[in-house]
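For clarity, chains are labelled A, B, C, D, E, F, G and H in written order, and residue numbers in each chain start from 1.
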């Protein structure tokens, strides 16, 4: 599908197993609508996804695509039937302000065919909270750990379990957090082995990576 | 096991499935020897690993632990019987100078119980090289893509396949590469969905993450 | 031509072959109008150009200089007869959000006397798109390759052809793109030989450089 | 005491309660010797301190000031009788490579009149280590928490206790640790309330701050 | 107390001696109200604190919690009876624009149980001002020194007294102050021994640290 | 003069020869008015200055201090009789957008007692402009050279004359100008000997430095 | 040609018109020798090039490939018959210390089939030098302008001529030149239209770009 | 005078009043010798200067130009008769480690025809030292204030006097001093009016600027 302003990659599902996703930032509401509708037509049997939707785009989608599922906290829209989930991803967020990123990750995981367990406000300054949630994430097939400020939570979780773990730094913080740079650097230097990292606030990328792991394991083990 | 200068985490295998690993940078040859030997005693049934070993440490290990497998390019030592590999990780390196990082990743993957396929010098300036290697990585359970300079290879590979992909920036480059910063930023901003990233030159971390994915899938699918 | 707030370089066409261009950022609509009109008077036989025009300036020019050609996407205005084009520049943009920069480059190329072929939304995550467009840029005299995020497209294009190539990083992205810094560093470190780079979002500079190459070759070869 | 190359601040003890300290970096062994001897003459009743001593300076001091106590790990020298310690500072270091900074802090604390409890290799990737050491630091009057890499330990310790806590980032790490910058930013953004921070590797500064707290409390409570 | 968007750490007072504090940035007025009320219920005998309150949150608290003490300059709210103050913290601010940070520090100190002496506009370009205020801070149990721009004041104060000193850089400045980075780096590199530093504009963190010192000393010495 | 929010340094003229100046950024219009009036009362015989005045402050001053001279481009106000000028400072600005900084410098120079010659839009891309203005600045006692973007003008001017030269980088530019950082670094690295630099956009600081030079020379030589 | 450590892109000449070039940094002398020899065998009719050669590699090449032309200042080796030059590139270097970069550019231009005119030590602090050399570069088909420190020379040259211009920042400088960053940023922000930039010290990349322009124009115009 | 590797600007004294100076960094001892000798021949009546001389260059000059005055601390050589000094520059250095920069400034001032008063080790942590030296710099015609670490000394001195002041940041420090960046930023943001700044460690540039001021005033006032 080719507009003079866009060139949808309709072959992507064949190459990578999943359709292209509409990244809403910097697009007009009308562009997002046209692209999401086009993806829906090309993939009638499974949900397609749009992320980073501003309020006006959310409103237009709610009006024009009433079947779409718009999430105002995650700023996402899902259009079409969700795949049956296989496997489980635990999405763990250090603080209340990290919820939009956790929501983006969760919406992505569901659209990419895995199940989600969301755990919120378990920052390291009150260790009993993450230790108390341990059984909720110990049996997951993949973990996403989201934190702003100093970004220490992935190191703590990564020392408690061997489940593959993706860390997502967020722009939550001020001053010398430099828009999430402090959390990003902290996670890249984690002393827990095997921690991998996404761009700041990139719940979507973490969701794609984790869902691919979880659904493969889930399918292989019949979950 | 506790020295007055170290405090080995012998419980780690119980918590995370794998023993602690000796990070050799900043330790004397004697310290590395003592720690690797101690880990070997505590885990007699499976290989333990040491990374970032300088020439003197490599020499001491070769003399004092003749059973250890020392790799001078990867700067690693493996001590004890390797686990039977499950699943497969493809380790893809853009250039010749990225070989030490690829070697560190491969040694780690083997010590953590997965199989390795290594593909070298397939940078994006000669696309036919990576396109020609496509069948060698298409059936892997996880990918590690290593590149210095502009770090573009993970974006290209990530558009060709849906296998979970870890990108490793290297410090190969000069001037405005700023010691690997350019490659790191490039990978964090990849337009291919699901690309996750490690610290600069961190072949070990990528190996741990990818091996955990591959061996779980491999075991579940009987490979 | 000298105002107390400006000092137009009317000698520039004699020295460099092309008139001065009005850079609209930080100037009032009235200042831009006066300068563009002044340049038009001094160069009645060929188009003069203004760039980085805000909505109010565009409106004022449309009203006061109805002969001017105002492009709201490129945020440019061309005033006076375009030179006959010699040679061809291919302007290649990775994504939809890079269109304003591509438009600025194209308007500049035309005002500086070369032809333009514009190719959009051919990012590296779907390689078939750029490979499929290969014949549209293989016969160009110069290439401009525009990308935000990780800025990988110039490396891929630069490995496919020996046509002189200018890379333009854009500020499209978020988080660790740091306003285009990631793309800028990526392009500066390109492993494809001969890639040269402009400032972030500087479609104008790339257009000037490429047009000068293309028109010289075009004239010499009678195109 | 005034040389033509130095101007010792002999009034400092009167103003601040403690003599000036010789910072050895960038000084010749002979200069350090002259300054330490001069401080010793001016303060015969209490220990004076020199820090950041290279091997040659350590050797010269051992020869020329045989009464001085030279610590090769901490790279410090103490000259004269240590004050009777009041109060207690717990010095907690995340890893083996942080020992020189811990040693500098400990030597400073002793020279400034407080007691020291040193706890080593209790990084957050093995939480049981720091949790198991809790009673060793819970009754301290001040804490110094030292870590490189992501610098997460102060956040964890700061959530376990209300004792005043100084965090010291170290240059231990590689790649995106940028010489300790990652740990520094992490500690500055700690989510644990009341964490304050020193320069990278500045065990001395942390020691001065903590000793002043501990000795005042210790004296007031008769310890 | 657990919401689906928050998980108050009601155990914190038991662990650290003080209740959790509501950080208002990035929370809705309703969330802040609910959290502050919840903390008040859990700690009826002592003041609880909220910081970084926007105008709308301040208004809602003034309406819904009329007993709360809202400070529009410090952007804080205190709810419940203040503890009896022990010891004294001197809060010293270099310039008029640093007042909000000084106010946040002072509100925190009072809520954490220590007394406050506030000294304002005593920057180093007019040394007589800080020298003239010397007796107002010489008998304090802890100092907080706040400055933007080059952040030189802590070095000057730290050379005049041995009282434990926390430096707070502020975002006051322009150009190469880079949002407070210049002051932060200046304070981290202070040549006065024992200066410790907080994040930019973090009056709260400095207040917690200093109040803990002052109240312990104050209680021990019966002040 | 001491408010509870400010502490005017009325002794400054005695120490340094010139009264304090009101820096308007971050102050309310009422605060600026009170301070400027207070300075005027303390220094009735000579002009006092306020800089960085927003539109509302300018309006309030125009109403309440009708004798004050408010300059909306320079964003300054001068209140009281200007000193008789001695010596001459040439203020040279590379582009039209640098005019506010040039205006701030010029207003400062006049208030500090020297004469001004202002030269505008003489950037290095049209060398004849600065070469043609050479005689207007060759006899000055001090030079201020203002430029944004790459900040090359001071190097060119500094190679043409031995008059003491202060370079002022401005925030004019985009992308990799990083808010004036490029110009600042360029000027600090100037290959012309003796170029000294101020903060970005700091016309005031350059004006003070240059006026002090010019008026001393002017007085000594009877100009 | 494929080693287990390298994978020469022998198809590159077919795709881009020129053979691959051996980048010597980070390769052993033996590796460089093998690669250069391999390229020579594959391209017997035209020169192949190696860059960034250390002293040991230069020595080995001189011994083993006596026909190769090794340049110790440029740190390059050319092997095989140089193509007949078409067109002319002027290589202009601001200072003596920029000579190695100028040499690398010149060697590259010759190997890529264009002629070279080299002009040295014409920095902007003595404008008459570059103005006096004007006729030596006015008739070139492309310009390469090399400078360290503030990197102002490309802006001056770019204002004098309309010939396509590539700017090369060098790492010459100290302090706030930050290894060439100041010059890089200066050139990216040049106020002269059409200036494009390479990585720091990248004479090779500039040479490729410029030679491609010059030889095409030269061939078309029969020079 | 023109070598094929250099192009001395012998016209500079005519344009700017002083001959070119040899910057020794990155030049061979033989090159420095040839250039200094050449400058001496061209300017037989007054001293010429070379800076940043390594030990080998110093030795060669001592042997080959026995009349030259080589200063090993300042790393400078002066060749030819010093001009009669006019006026006085006070060179004030915060610490012992700043002596090489102070020496470079002083040698430059003398070669440029002004007198020097050098004041050392008067850092702000012991304010009485700089206050006690006040009369030694109060009557100077220009001040140079040199400091590393936090670079606070210029703000303190700049508040004590109205003499034109140049601040020189040095690379003295560690960790977050980032090679002098902290001091540089501190000085650029000085709250003392009229402070201007040079590159890190640039005693030469400060010396040129200050000497030009002092000698002009000195000549005008007959000193």
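Note that a residue touches a chain if its C-beta (ideal position, glycine included) is under 8 Å from a C-beta of that chain, and two chains touch if they have at least 3 such contacts.
The shown structure was predicted, so the numbers you read here are calculated from the model rather than taken from an experiment.
Counting hops only between chains that touch, chain C reaches chain D in a minimum of 2.
Rotation angle for the C-alpha superposition of chain D on chain G: 180 degrees, rounded in steps of 5.
As a whole-number value, the distance joining the C-alpha centres of chain A and chain G reads 45 Å.
Chain centres here are Cα means. That of chain D falls 26 Å from that of chain E.
Note: centroid distance chain D to chain H, computed from Cα atoms, is 36 Å.
Multi-chain contact residues, meaning those touching two or more other chains, occur in chain H at positions 12, 125-126, 159-160, 175-177, 181, 184, 188-189, 193, 199. Which chains touch which is summed up as A-B, A-C, A-D, A-E, B-C, B-D, B-G, C-F, C-G, D-E, D-H, E-F, E-H, F-G, F-H, G-H. Remark: chain E residues 12, 15-18, 21, 141, 159-166, 184, 188-189, 193-199, 204-206, 208-209, 212-213, 216-217, 220-221 touch chain D in the complex. Chain F meets chain C in the complex at residues 96-97, 99, 120-122, 125-126, 128-129, 172, 174-177. On the chain D side of its complex with chain H, the touching residues are 4-7, 9, 11-12, 25-27, 31, 171, 179-181, 184, 199-202.
Those residues of chain G whose C-beta lies close enough to touch chain F in the complex are 94-95, 123-127, 149-152, 155-156, 158-160, 173, 175-178, 181-183, 185-193.
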